Each structure stands twice: as C-alpha cells, then as structure tokens.
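Right, I'll just put the structure down here and ask away after.
Order of writing sets the chain letters: A, B, C, D, E, F and G. Residues in each chain are counted from 1.
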Amino acid sequence: MLKTFSIGGVHPPENKISAGSQIVVLPLPKQVSIPIAQHIGAPANAVVTKGDKVKVGQLIAQSNGFVSANIHSSVSGTVASIDPVMDSTGYKRPAITITVEGDEWDETIDRSTDLKEECNLTAEEIIAKVGQAGIVGMGGATFPSQVKLSVPKGKKAEVLIINGVECEPYLTSDHRVMLEKGHELMIGIQILKKALRVDTALIGIENNKPDAISHLSQVATKYSGIEVHALKVQYPQGGEKQLIKALINREVPSGALPIEVGAVVHNVGTAVAVYEAVQKSKPLFERVVTVTGKHLATPSNFLVRIGTPISEVIAAAGGVPENTGKIVNGGPMMGKALSSIDSPVTKGTSGLIAFPAEEAKRKVAQACVRCGKCVSVCPMGLEPYLLNRLSQKKMFERMEHEHVLDCIECGSCSFECPANLPLLDYIRLGKAEVGKIVRARKA
Amino acid sequence: MNKLLAVSPSPHVHSGESVNKLMFNVVLALLPALAVSIYYFGLGAFVVTAIAVVSCLAFEFLIQKYLLKVTPSISDGSALVTGLLLAFNLPSNLPWWIIVIGALVAIGIGKMSFGGLGNNPFNPALVGRVFLLISFPVQMTSWPLPIESRAHYMDALTGATPLALVKEGLKGGQTMSAISEHIPNNMQLLMGSMGGSLGEIAAIALLIGFAWLLFKKVITWHIPVSIFVTIFAFTGILWLIDPAHNADPFFHLLTGGVMLGAIFMATDYVTSPMNPKGMWIFGIGIGALTVIIRVWGAYPEGVSFAILIMNAFVPLINTLVKPKRFGEEVKKNG
Amino acid sequence: MSQLSNFTKGFLRENPVFVLLLGMCPTLGTTTSAINGMGMGLATTFVLAMSNVVISLIAGLIPAKVRIPSFIVVIAAFVTVIDLAMAGFLPALHSQLGLFIPLIVVNCIVLGRAEAFASKNGVLPSLIDGLGMGLGFTFALTLLGATRELLGSGAIFGFKFISGDGILVFVLAPGAFFALGFLILIMNKLAKKQS
Amino acid sequence: MAKESTFSNMTLTLLVITLLSSAVLGFVYELTKEPIRKAQEAKINTAISNVLPEFDNQPSAEATEVQYDGGTLVFYNATKGGEKVGTAVKTFSNNGFGGLIELMVGFNADGTIHGIDVVSHKETPGLGDKMETSKSGFSVQFQGVNPEDFKIRVKKDGGDVDAITASTISSRAYCDAVQRAYNALKEGGK
Amino acid sequence: MEYIIIVISAIFVNNIVLSQFLGVCPFLGVSNKVQTSMGMAGAVTFVMTIATIVTYMLQNFILVPLGIGYMQTVAFILVIAALVQMVEIILKKVSPSLYQALGIFLPLITTNCAVLGVALLAVQKDLPLMQSVVFAIANAIGFGFALVTFAGIREALDLVDIPKPMRGAPIALLTAGILALAFMGFAGIV
Amino acid sequence: MSSTPNTIDHFGRVDEITLSDVRVSIISQSACASCHAKGACGMGEATEKTIVITKPNHNFIVGEQVKVVMKRSLGFKALFLGYILPFIVVVLSLIILTALGISEAVVGGISLGVLVPYYAIMYYFRNKVAQSFNFDLEKLQ
Amino acid sequence: MSSVVLYTVLMLSALGVISAVVLYFVAQKFKVYEDPRIDEVEAILPGANCGGCGYPGCRGFAEAFVKADDISTLFCPVGGNETMGNAAKVLGKEAAAVDPMVAVVRCAGTPEHRAKTNAYDGAKSCRVASSLYSGDTGCQFGCLGLGDCVDVCNFDAIYIDEVTGLPVVDQDKCTACGACVKACPKFIIELRKKGPKGKRIFVSCVNKDKGGVAKRSCSVACIGCGKCVKTCPHDAITLENNLAYIDFNKCKLCRKCVEVCPTTAIWEVHFPARKPKVEDETAQPVSEN
C-alpha cells in the first residue's frame, strides 16, 4: 500500500493534459505590472519612481517587515507608473508598471546554465540570500520562504519535506520542474537542509507521476539524505499537514505550525528558486505556469516573467477558445476564478485553466440531505454541512467551537456534495468572521 | 469574447454526484425486493406500491406548490423513495384510502412540516407507517398469504407473520420447538416465502440491494452492520439462555423488517448520524430496542419503532459524537 | 377595554390555548372526546370565574408578599369544591377527567388571571374576565375534543357520523399533539387573516 | 393595593383566608358526601341490574367479599319475592392491556351467565375498550352460556370466545375475569 | 421486580409527558437548549422526590388518619409550593454563590403540573413509601429523558428553515406527536 | 444567543455598583421571559434573580445590559451540589432505613431530615464553594 | 359540625401559617417586585423583537426603559415617535421627538449604467461575493445585488428590483432599524432623515475612484467634480476621496446641487416633478413610494 494521509480526501479526475509539454520560455511582454503585494504578509515598499530605468532582477520594492518579501523587476525598461492596477480579484491594488525595453539583466546574476554544486555559505547567509531574492512559497500559499527557514527559538527542525505532490488536477508545473530541473532541485534541497540544519529531506510525489518519481529517485542517489516517496493519489495530499501525515505519520496539532512536529515543508519550485537565488544570485522574477484546459489549442507549461498580463500567457497557448466559460488562476480545487484576463501573473500563479462553458457553471444547489459525504471527505475531520449552516445563520461563536479555523479551504466538501451546495463559500466567510472575533479577543 | 466569464469561489470542479442520482440508486436497489414481492403477492403488491408512490409524489407536489408556495422538487426522487418504502412497509391488501392517509402523514407531517427534504428529524415513511399501524391495527396486521393470494388485492387470504406466530405461541405457553412446526424454515425466510409487509419478506433480495448501495457508495456499511450485529448478539444470548422460549438469532435477523429497516430505512441520510462513531451508537440502539420490543413488548415487531426512537436521538448523537479531527489528539499535550 | 371585548378576547385574540399556549396538560390530556373537553373546560371556567371574583374582593386586603399563597388557597378551595361536586353529581365525567381536575389548581391560566387581572380590577370585570377566559379555554378544549373525536372515532359528542373506527391515533396520545398542532396552525392563519 | 408586608399581618391574612376556605370546604364536603356515596353505589347497582334478571331486593346491601387469587371478589345475591334469581360477581383480572380490569358478571340461579358489564378498565380506546357493552357486541356471546360446556377462552387459545379484533390481550383478560368469577362462585360463593 | 416495572413503565411505557400529559408547558416552552434541559431534569428529580416524600407523609400520617382525604389538593399544593420556595431560600442562605450559579444555569423550574401530578398519582396508586419514591424518580427521569431528547431535536431544527406558519408551537407539537408515536412501541412491555 | 458549548451565558442588567462588586439581575431567557402569565406561575415570584460579581474586569454603568458568562462545567457542578447530591443523600438514607425495617413515618421523616445536616455542611463549606464559582461579565457590543 | 370540618380547619390553618412563615423569609430574601409598568411598556412596543434598539428583544428594552432615569438615549426605531411618546406617558415622562429616519440605498448602477463584466456564479450572498472579488461590474464599490440586505430585513421593507437589480426600500415599511446597513458588505445603505413628506436629497453613489475611472465603470457615478460642493448654499456637501456626501442635518432641500451634477448622481425623491427636462426617468425613481 502506498502511503497517504488518514482522514478524508477525494480523487477528482486528474486531467493532467499538459504533463507532456516541456517548459517553454515565454517571449517577453511589452509591458509588465508587478503588484507590490504578491505574498502573504505586509506589502512591500516601492523603491523606484516613475521614469526610473530598471534592469531584470533589480530590486523595485523592499520587504516591509518580518513577514514580507522583496520584489524584483522581471524585465528591463522604464517604470511607467506606480498606480493601482486591477488584480485577479477585480480590486485595484498598487503595482509597478514597467515598459519593456530590451532584456538587460542585473550584473550580479549568473545567467549560465551550468550546475553549481557546492555551497559554502552558513545557514544564516543562506537564509539572508533567500530573503533578498524575494522567494515566497511556490506551492500556492506564497508565504515568504525565509520566514519558514528561520526556525523559532526552542523549536527544532528534524526533517525537510519537499512537496512534489501537485495533487490539484490539471496543474503540471511542479511535475515539469521535477523532470527538467531535477539536479537544481537536489542542490536546492541540500541548501535548504543546511539552512534548517537537518539531515534528511523527504520528497513526496503522487503516484500519477511515475516518470518524476523514477527520475528523481535516480538523481537522488547522488546526494545523501534525500529520499523520494511515491504517494497514493489523493487530494489534498499537497496540503502540508496532510503531506506531513502521509510521509512521517505525525499530525500537526490544530492551530499549530508544522515546526511543532519538527517538519518544514517546501514546494519543489521553491527549492529550485532557492538554488537559483543562492548559487546564481537570481531573484524570484519568473516562474513556471501551466496553461491548460480541455479545449485549449496547446496546453503548455511556460516560464513566465512575473507581471506579464495573463491574456498574453493564454494567447501563447493558442488563445482563449470561443466557448470558454471560466478561467481559473491556480488549480480547479483551490484556484481563483478570474473576472478579467487583464491582471498580471504573480509569484503565486501556478496555473491558468480555461474551462469550457458547459463545465463552468455550477449546478443548482439542492437541499442538504445530510448524506455525510462532506464529513467523510474533509481531510481535517470537520463537519462542513454544519459549518455551512452555522455560517448562514451567523452563529460564529459556535463555528469557532466547531473548529472552523482548522479548515484548509481545500474544497473537498463542495466538490463531493451531491446537493451541489456551495459549502466552502460559506465556510470561508464564517472562517473570516471567526478570525475577526478571535483577533478582537486577543487585542 | 462575447460571453462573460463566470466567477465563483473555489472549487471549480464537482464530483458530478447528485441527490437525484443517489435517490435513483436507492430505487434501483429496491427493485429486486419489489420483484420478489410481486412474485409472492402479485396484484396486491403492485397496486399498493403504485398507490403509495403516486400519492406520495402527489402530496409532495401539492404541498410544495400550494401550501408552501415553493417550486416543487419532486424530481429529486426523495418522495419516490419515501413512497416505495412506505409501500414496502404495508401489507399488500391494504385498502387504498388507508395508503393515501399514510402517504399524507408521511409527506405532510413527516417531511413537509419540517421544511421538506433534508430537514425532517424523523423518517417520513416510518412516521406514515407507524401512524397507520396504530390507527388501523386490524387492517395493518392482516397479512396476505404468499403465492396463494397472488391474483387478489383486497380480498386476499390472510395469515400471520412468523414473528406474530412466535409471539402468540410463546404467550400462549408453547415452546419454540412446538411453534417451529408452523413457521417457515430459514431457507424460506431468506427467500421471502412468508407473510409480512410487502417489501420486507425477501432477505436475499434486500441484501442484493444492500450490495448495490455499497457498491455505488450511496451508503456505508456501519448502520446496517451494527444493527445486524446487535440483534444477532442480543437474541443469541437470550436464545442460549433459554432456547425453548426464545427464537434463534437467525430467525430474528431474517424475519420482520430487520433487513428492510436496517438497509433502507435506518440509513436514510436525513435521519441518521453523520459519522461512523455516531452510526454505531445509532445502530446498536436500533438493534437493542428492536429486540426489547419484539421479546417483551405488545408488538411482535419493533424495527419501525426502534428506528423512530433512535431518530429522536440523532441530534444529540450529532452534537456529542464528533468525527475524529485532524490534529486533535496531539493538542492535549501541547 | 369594554366589558364585551374583555369577555371575547379569550376566544381568539388571547385564547389561552391557541395563542398563549397555557394549560397544555389538561388541553392534551382530557380531549379524547368533545364532551370530555367541554367538561374540563367548564370545570376550569367555574374555578376561574369564582376565584377571580373572590380574589378581586380580597386583593386589597392582602399584603403583597402573601398574595400568591392566598390566591392558591382560594383557587385550591374552589378546585376541591368542583372536584367534590363532580364526583357527586357527574361521576362518569369525573372518572374520565381523573387527575386533571385537581390539577386545575396549577393551571397557569387560573393563577395568571388572578394575578394579572382580578387582583387589580373590580368584581364585575373580574367575573367577566374569568368567564371569558374560561369559556375561551372551554372553546379550545371542545374544539380539540371534537376534532379528535371526529377523526379518531367518526363521531362528535357521541353522534356517529361515519361507521367503523376512524383514525385511532387521534384518541391516543400522539393524536392529541398532532391535532393541537394543526389547530394552532389554523388558528394562527385565521388570526392573521383577520388582522 | 399592596399593603405593607409585616410578619404578623402576613400570618394573620393567611390564617384568616385558610380558616375561611377550610370552613367552606368542610361544609361543601359534608354536602357532597352523601351524593358521592350514592353515585358510587349507583354505579354498582346499575352494573348489577344490568347483568341480572329482575330482582326486588337490595343486592348491594348484602354484599359478601371473598379473597380469591390475590384479589377481592364481591358477591351480590339477588332475590325476587324472596326467591333467589341469581348472583352478581364483581370480578377482576390483572392481565388487561392496561392492567386491572373489573367486571360485573351476573349468573342465573342455574349457573348460566345472564350478562356481563364492565365496571372499570384502562384498555386502549378503540381497541380493548370494545369490551364495554356500549361499544360492541362482544359481551353478547356470553349471555346464556354455561361455563361448564362453553369454554371461556379465546378461540386462539382453543376456547369458544370470538376475540375482539386486534385485541386478543383484552379478550383474554376478560375471559380470565369471567372464569375467575365462575370458579369462585362454584367453590363457595353459593 | 416491582421496582423495575415501575421504572420502565414510568420512563417508557407511560412517559409522564408523552403519554400522561403532565408538565407539557415546560416541555414545549423551555426545552430548546440541551444543557438547560439537562439542568432542569436534575432539578426536577430532586424536587419531585422530596415533594413525593412530603406529600406521602402528609397523606398517610395526617390526612387519612384524620379522615380528610378530600383535602389532598389544597394541602398538597400548599406544601409543594412552600417546599420549593424553601429549598430556594435555604440554598441562597447556605451558599449564595452556588445559588447564583444555578440562577445562571437554570431558567425557572416551572413544573407544577408534573410535580403535583406525580405526587397525586403516587398517592392514588397506594404505593408504599419506597415505591412512591421510586415512582417519582422514574417519572422525573422520564421527564428529563423526553426533555433532553426534545431539546436536541429543537436545537437541530434551529438550523433548518421550518416553513413560516409551522414555526413555534405547531412544529413543537408535531415533533412531540411523532415522539409519542414512537414511544407507543413500548406499549405492553409492562 | 450564542453560547459556545463550553460556556453558559445569560443576559442581565447592572443594578448596582459598589466599590468591589457589581450587582446584576438576570433577565430570564427561558420561554417564561415572553410569557404573559409569568408573573403568576407558581414560582413567578423568583423570576428575577440577582447575582453579585466581585471585581469585574470592565467598567460598567448602572442599567447597562451585560452578559454573564460562566463555564458550563460550573453549571453542572452547581446542579450537582444544589440538587443532585442532596437527592442522592435523601434516596440513600431512604434505602438504608427501609432496609433496616424501620417504620415508614420514621423513614420519611429522617430522610427528609438528613437535608438539615447536608445544608449545614454546605454552609460550613460555603466559602470554599464560593471560591470555585466565578462568573465573568462581558459587555455587549 | 363533624370532626372532619374541625380537622380540615385545623390542618389548613396550620398550613396557612407555615406558608406565611416560609413566605416571610422568602420575602426577606428576594426582591420580588417586578415593576408592572414593564408590562405596560412592553405592550406598547411593537413586539418585533428586532434588536434595533440595542436590547435583546422588546422586553429587554421595556425593562431598561422603565428603570432608566434618563430615557432620552433610548429609542425604538420600529415604533418611532408615537410609540415612544406613549411609552413615556406610562412613566409620566415626555419623550424627545427623534427625526424619523429611513434606509437609503446609495447605488444607482443599473445594468444600463454599469455594464456587467463577468457573471457571478457563487453562493447567492453579497458577503460571499465581496469576500471573493470586487463584483460583477467594473465598479468595485457598487451594489452586488445579491440581497443580503433583503434577507436581514424583518419588516419586508426592502426588495431587489428585478429590472435594475438594485435594492429598493419601501419607506412606509422601513423602520430604520439599521439591520440592512450592518448587513451590506459594501456599505451602500445609510440611515438618513426621512425628510418632510419623505423629501430627501442624497448622493446615490459610493464610488471613490477618480472621476475618469468612475465614469468608465458606471455612467451615473459620482466623479468627484465638486460642482455640488460649490453650489450648495448651506455648506451641506463635502467631498472626500472623489466622493461627495450630503449631510442630511444641514441640507435644506433646495435642490440646487441636483441640477448641477453632471452624472445625475444626486437624487431627490418625493419632490414634485420639475417642469422642464427630466433627463433620465429610470435613474430618478420619483415614483418610489
């Protein structure tokens, strides 16, 4: 039996259409808009002004606090404006818009493709470099990585877990990264291990990516203390709590961080970014984005500069087909639907999925028949049907008691509900309200 | 683009499961039992089922449309299931107007008063059935003989159910060995050759339905199995203590409504607990109450009552028995 | 408030059973037939009217703190009177109503009217109030009894309308709840229509 | 209205009220004592006259009580013109669906049953209560039979009595009570 | 054995609320929170037991010897009312904080019907003291049992959308009716 | 009313504030609160209960609506000490005395009588008991 | 008289005295007095138990009202002045009249003025939608039209107009309880003075975007041009974040601002129709009643 996590989980159709497409470098856009808030935490402070000339990799916004991240220019050119730009939620948020002129990289960046194995930096130096490079989690949460590497006093990291699960249907960017950048990944992992002062790293990969498993297993033999584990295909195995449970059979306590059980989880993309930052001094200004959809002309994986308009990325994959009903930024289970394709690609954009109109519309909700399916699939052991009701009835204190804050918003409940109820819609709402209450109480 | 993009919160995909499909699968699972019933009871089984189903659907439609003034949702199939199960709990010679009253009670009182599908605390079909049982004890306890009365509806020849024979016999001071001459053997019980409500007789057909429901993941095994285990253990102990005055556990499992109740009625989502732990408590309760009523009560059969009583406990079970949460055990130390 | 509306309010607008939901025990427990319901209602009416009268007379003389016990004594006395009288003159009905006759003493309506109305008003209004409330109660019980009797045995006040048995539950305990539930529903609807 | 509450005026008020009420009550009790007794007697008397042929004595005045089967049976002898016309036996059974059932069974002088009336029972309305003479003809089948050759048991148990539909338990208890009355009568009541 | 019969009968077969119709008002009115109804059940158990002991003594050692059994109603209600209040005063005097905690925990204990009814029933049944007490306790448990179950259902119903006209009393009564229907399954156990 | 399953809360009104205490009267939240006859039903006289909270954590003004919050376990503890334990004591003494074959009048008398020492003991321990019951006042937003 | 009567009298009297003693102590310990005026006040209150007054239910309010020394801070929005007057009479006091208020919807973005840019397909709740994204039109401030305000109104005073997709307040039913104001995640509804004969003037827009952006997303948006501010003779209008706001305490209903607003973002309701041009009938629901 393959390892997996213990409670709940679903298995949506995988639809990894673009799994076979090699990563293609997307041509430079004419203009990029780089939001100053692309991560969890405080927005960065712009350090350029309108009219400034910038190079690729140049710092344009400075991290603003412990939980925040630097932002670098992804192109070279002139800063056209620092104005609010519509982001993927439709709200206008401050962004640095740059008109592209050529492709001049910052001199410090090592643009060669050779592998650089050795790393003689100390843990602190590594962490500092990761912070400077503005690396945030590429697994979707965009949490500043240097924060996760700074193990709090009194806690000790025992194992590094590398998240190559990519349990979301459709998405293949991590899969391609593992296949095409296996060596970089391994070095990145060694660096992360050093930063965390741990001896072991476990890479968890779902069994629907046998090529990645065998490739990495083979590469890993060259390095000490890196194990590759095949996992049963089960959503949301990529959730860090689930992955930790699957790999080392420990449960992160409710409300606690993984470090509580001695684990630190990083995405494969993050590890590669760490390699590039530490060994090549390359900040995070581009990422792999899967562009896919059943009716898309050429489902692809692109290496995209941050700030590129989403419309251009999709155009490169053949453009938005005629009967597209919905475009999602991220995976189909957790991604955000776009209200317009004019917003830019950010550090958290792992994929863009176009759904044909007939799959886009939700079905009409019926009455909850209390079938308990939502309860049985919830990986956190919650009772979504109840949370949904409580949220609708605004009974937030009881929601807190029913542990709504444990919800990882994986969407398994809404996915499974035969009555097509928008469970997560209301749970998320309630979670936000409860969060407010809890914060107010602490204050 | 000429059409507007849809925007909704995640997730953006769905399993494709629907209430209608679930209900449809329950109907499918009930078909073998219906077939057996029509084989044994013929016309009566057919007429009673038809009346029950049609009147349940009709009442649901009328109440939703004219009293609650909402869009009728009879197409979700739940009223169809209620109708079928109500019919399955009735003798096949029940006069039509009694069936209609039963359907009205089931749908009107049991379901719609609480707001319809998903809201009712008690199993609607059983509310209807028990209401009838208490209101029309004579009609509700005369059971057409299988096969012999196939061509008749109301004027069928009637007899007693094996459970009633045993109860009467024991009350009249006979021992099991004397009684067992008059009751069918276990094989006959399995195949359904006995008097009884039209859908409850054929254990084998009901078990086939069970397998279908499990296969289609409509229900989980917890509730039926916990009921079976409890009844088997409880009656087994009584039987071991005094085999002369207690029927054997197989007899208890195969007669009356145990199979029908455990597989199809106790598992009604709306009126059963939401997680396996709760389901076990629920099932054990039903099993124990069934045996208590059968052995010591006035009624020869107690499954319906047992399920209804345990239905009443479901809200308590749901608040007290929670699913195992991720990360809860470790929390105690930390 | 005019005497008339004082009298009639008990029937619909402030009906103790349908609107105020008071005295549920006798309401449910004694209404197996219209005649039983009516008997219970009238017995209660008697106690209600008489105790209201007496209490309106003596209320001024009673120190506040012993109001309730004094009222209880008065009410209990009248309950015993009606209990004894029924045992003597209506033995059949008395045995049907059984426990619920002595329980009139704790019927919230009786003490409620004594406290809320009789103790603050004159003799005549108190009498009218007691009669009105009591008859409202009687009306509700009779209606409920008639409904249950009709559905349960096809008769009203013993007159058979339908041959055969009727729907037996209605003369049993669950039927009491069902019938009252639906009657309240209907009364609510009627009250809404009126206003 | 409310007067100041002091210990003494509270005690005094309550004392006066209770005094008055109790006096009234005592008076009412005295008044109703007789009617109540009469009503109880009348019930027995009606039952006796319902189950016996015409008589001209006061059977209830000459009742004899007999302990039997853990309960009490009461015998009422009826005479007409000094000649014995029959005996009414107030009998019981504890096996009713609702527990105790009390019957008045009237026997003719020759031991045949003349009539049966229900004195009290707690059987279910609509089911067991059909044993009441006013509710069904159940008791008719006992009239004129001699328990010596008419087996007072329901047919299910091998007797001659047609049970009330769906109320075998009540019917059994009924038979039980009748049989008890007959047995007692045979043994010593005469 | 008698005790078992008394207990089963009072809790299941002749449940005080669902089949005897005593204490219906608090059943319908107060019981919408499980924890409150549990508290209520506990308090009622105590009050019923004490009240039954007191009324038992009153009946058997005062009223009956004096030949004034008809004073039952008046005497009982006064004694019970005084008793309940006395418990409160004593509690308050003895432990004010405890009393306050109860004040927060419990709404009123308005179970007059049930308490007086049980006291009267116990006396009517002519049970000896010990059995009367068991009878009272069993009824209190039956009351609590019905109350808690019902509160559970109503808590759950709070989360669903009951049709407007059904809200409040009608749905509570229907639910109670179905509960009573289910409890009829226990018929005949004792 | 949104009490989490771990706490019980109750609306009340501040009646009086002294240097160290706040006196709050509890507004009955049971069905009785909206019942027109509440002033009248047997226990109506005690509808409004006052509780005293020592040194609350906020400033309050007289007449303010507040929420009195108590741990649920305390509620059950109060129930136990106030009703369940004396009940057990009474029933136990009943059983023991009956088993000893003493006459009913005595048994009844004594078993009721044991409540006197019970309450005496409670009285003796009242300060200890008092310490274990504490409530909080919360402001209503 | 028989001994029965004697015993009866004796026993009852004894009981009477005992109760008196018990009750004496009860009386000492309990404050039993419940002010009867609470009942009277409660009877006067509308009984909606809506909480609009800030108390848990009408009874809570009645108690507070009777106990309070100063009743001027207490007001039942549902009952209004008349009710408060009556309630004050019970206490022999005088209730200060409060200007009647009404809920006002400050968004005029009908589909005609504000084109849809996407199709919302989530749970039918404004709060859910607004926590997800800016909305299904170009205006990130405007009404989402999913009716959270309608759901919370206890008085059926607000409904979504099928044509405009915007909520409409029925000013006769609205009690100004403020529930909808709290429910709206976009802060679109405001309680404003009802005005004499319902006449009131307000800016029916909450868009804070700069003029051009605002105008592009909605043709009747307030573009923050400031003309009204200059025009107003009573200094009632302020401009903040590109949005004009009319202080209803200062507004004298002169209607001058209405004329100058280039986008018809300022509404006047319940005024007699103007003689010359009325530009856009749909935007100006003079018919609102």
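Here, a contact is a pair of C-beta atoms (placed from the backbone, for glycine too) under 8 Å apart; a residue touches a chain by one contact, two chains touch by 3 or more.
Note that the structure is a prediction, hence the values are computed from the model and not measured.
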Legend entry - subunit D and subunit B - chains in contact with each: C, E, G
Legend entry - Which of C-D and B-C has more C-beta contact pairs: C-D
Legend entry - Chain centre separation in whole Å, for subunit G relative to subunit D (CA means): 70
Legend entry - Separation of mean Cα positions, subunit E and subunit C [Å, integer]: 22
Legend entry - Whole-Å gap separating subunit D and subunit E, where each centre is the average of the chain's CA atoms: 32
Legend entry - subunit A and subunit D, separation of their C-alpha mean positions in angstrom: 87
Inset, instruction - Would you pick out the residues of subunit D that each touch at least 2 other chains? - result: 5, 10, 13-14, 17-18, 21-22, 25, 29, 97, 127, 169
Legend entry - Residues of subunit E engaged with two or more neighbouring chains: 28-29, 68, 70-71, 74, 78, 81-82, 85, 88, 93, 112, 160, 166, 170-171, 174, 177-178, 181, 184, 187-188
Inset, instruction - Could you list which residues of subunit G touch at least two other chains? - result: 4, 8, 11-12, 15-16, 19-20, 23-24, 26-27, 32, 117-118, 121-123, 128, 132-133, 136
Legend entry - Of all residues in subunit F, those that touch subunit E in their complex: 5, 8-10, 26, 28-32, 35, 41-43, 45-47, 49, 51-52, 68, 70, 72, 74-84, 86-87, 90-91, 94-95, 98, 104-105, 107-109, 111-112, 115, 119, 122-123, 125-126, 129-130, 132-133, 135
Legend entry - Of subunit G, residues touching subunit A in the complex: 117-118, 121-123, 125, 127-128, 131-136, 140, 209
Inset, instruction - State the interface residues of subunit A toward subunit G in the complex, per the touch definition above. - result: 86, 88-92, 326, 336, 339-340, 360-362, 422, 425-426, 428-429, 432
Inset, instruction - Using the touch rule from the top, collect the residues of subunit B that touch subunit A in their complex. - result: 1, 3, 5-15, 17-19, 21-22, 73, 76, 78, 116-119, 220, 269-270, 272-275, 322-331, 334
Legend entry - Contact footprint of subunit A on subunit E as seen in their complex: 158-160
